[in-house]
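Everything on this sheet refers to the single structure shown next.
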């Protein structure tokens, strides 16, 4: 049971250089995978490709031998949820409303969430301790709160796979740790397969998960974080200044 | 709590709609006392046949058309604002009104009858939006910005075409008719107009009410809508199509009416927040009330009817400023 | 390179020559002038006995021809010349140039027009700024038309120094005055009740709610005949449908090329419920070379015709005979009885609608 990506190539247009060049890897169920790499290496593009936001990809993305491209938008949304780096168009939207939007794929076009579905939303909000936020506007939330609300909304979508595009990029240290802890918890308790992109190798170490090191649209290495993340490999991507904290002349602050 | 507020506003405005509708039938330059009004409407007394005729052949059709136009324009305003995630867009965003104006002006210059002015206005209005969409397609970029830009381009082209037609109209008679048409009026509303407009507005409105909750998700933009399981492209074109149909069909009969498509959605959002499930029904009642009141103002105080856009502009601005003032606390919090 | 330079020089010389010719030409024609005050009170110096006049103002064409000055006309407003009666009553009209309402001054320069009779002050002023002789002959008087009925007629006698023109103009003035006096005297004998009259102006397809206000000849004409003219108290010439209903006129008179369409409109609701419509108090105004309700050779007949129609109990003028005689006298054309009858019904010479 796994996600399989075969010979995946993508470019934003005929005149542009390819962003993804022959990506091949597979991710097994109930694991977390962190995509690591420089800005512009194709992390976000890869996540969006899996989310089904491009229709001119070549190669295959499949889940349990089902080609994702053969699924309808609705069927796909029941398998894969996507949390964008920044949510747009939510200026005056109430948090409680936003959360229910995650359930749209289980409703007919004329239906609205029933009382029981609304209750499910509140239960989920309670579970992630955001019940105090639900009457607020999305625009009133802090970056961390917004990221969690967005994540909860995607959990309400009730999919096997959750994709997150740099969920920690706009967050302070406390919120980074909070979001990552939640992700770790979800993957364990709820049997979810999570793929996220990040700039910080420490996040992968903290999550104790798989890592895909990406460079110029290709996967350089793929494997468990503690094996992949070593100074030599990181230097290939991030440059020669990378070092382990124990080699540093000062003590680095990191997650516990 | 917010739900309760919406229900209160909705039922109050529904009641007000009915009151305003009857008020519109009662007032006008031809004065009818309240007693005579009821006798004219509910008895067969031949003594009141002139009153009855004024009510039935003049006031009823124009009031219904005003109500429908108000509903159509505020709904399409709201739809465009939500779909394009831009609060400052109005129903003529993709060039419907400009196109309809060109069609009407052309018909006036050629010297066609009022029925053909409507047909041509409608047709050119729809064609303009199709051109806009086609140009956007040509850029091979699905983003809303390209569509907006394309709307501005085509809209600009249409307004210059309009100037050109006005120039060639030459004749002071036709020029005056074009100018008058461009400012909007319900003076030519007949029962036939109602028979055409009512089905269009009713069907569109019922459909929009049924998908009103989903429009929220379309409003989140392509990425989110699509990954949440909504066929974004389909819904967006559907919404653009309905908004265009609503605007083009009302504009074809009543001329271009500014402001309402911008003001009503804003007022409604201030009341109900940003949830199309609530704002769409409120837009229907508020838009209808607003337009009927505007029509009453335009035809009751002067012996010549004041163009609608003049009234909507004035009246709309005042309401808008008042509401922003009352709600300024909310804006400070953000 | 060299070829094109030569070409340019030739063209430049040509243009220069043309300009010189233009200069000398205009100098030659500058002979006698006369100072007049036009209808809006502008004092203007215009050439005496002009040979090329542009009748852009609607009321001027008909009377100039009637006074025997048809040969001095260069052209007229398209609205005037589009009327099919023009070709029948005055066949020479086919040589007349068709002017727009507000043509550019160049049009007049190119055609060598000596005097423009403009419908509005701004148009006349604009032309004068470009050195073209232009005066305003408005369709409206300020504040009312009372002092303007013979104004244009008098202007013509000032501009054209001819005993014949003077005689014809005086005759016309007298006829108008006589017609008004005759009708007023007759009505005074009968102590008639003042009737509310609504004039439906039908020169455009504007429906019933379109009339003429204070200042127009129509308002003057019906007022002196003793009517309570609805337009007198209106602040607009486009009253709403309800305004017309509220006025509840005793009589509707419909003029212009849309008159027959408007008469049909009056027979529909809500107007059909008015007493005047039920009692068939709807009358038309004939259209000849000019609509009868505009100052023209037919103005005296306009009064007789309306008196006949609205007060059949007091008046019985033989309108067809009058029309035939007047047209023959002024324009030298003999119309058949059928043609006259069509004219009186507001139709064209073949009995079809004037609207096309």
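Things worth noting here:
To keep things simple, chains are lettered A, B and C as they appear, and every chain counts its residues starting from 1.
FYI, a residue touches a chain if its C-beta (ideal position, glycine included) is under 8 Å from a C-beta of that chain, and two chains touch if they have at least 3 such contacts.
Small disclaimer: the values here were computed from a predicted structure and weren't measured.
Distances from each chain's CA mean to the overall CA mean are smallest for chain B. Top-ranked chain pair, ordered by C-beta pairs in contact, is A-B. Distance between subunit A and subunit C, defined via averaged C-alpha coordinates, is recorded as 82 Å. In this assembly, the C-alpha centroid of subunit B lies 42 Å from the C-alpha centroid of subunit C.
Those residues of subunit C that touch subunit B in the shared complex are 78, 100-102, 203-205, 209, 234-243, 245-246, 269-270, 272-274. Within the complex formed with subunit A, the subunit B residues making contact are 1-2, 85, 140, 210-211, 213-214, 216-217, 219-224, 226-231, 269, 273-275, 277, 333-334. Considering their complex, residues 13, 48, 51-53, 73-74, 76-78, 80-82, 84, 87-94, 97, 101-102, 104-105, 109-113, 135, 137, 139-140, 157 of subunit A touch subunit B. Those residues of subunit B lying in contact with subunit C across their complex are 28-31, 49-50, 52-54, 56-58, 113, 170-173, 177, 187, 299, 302-305.
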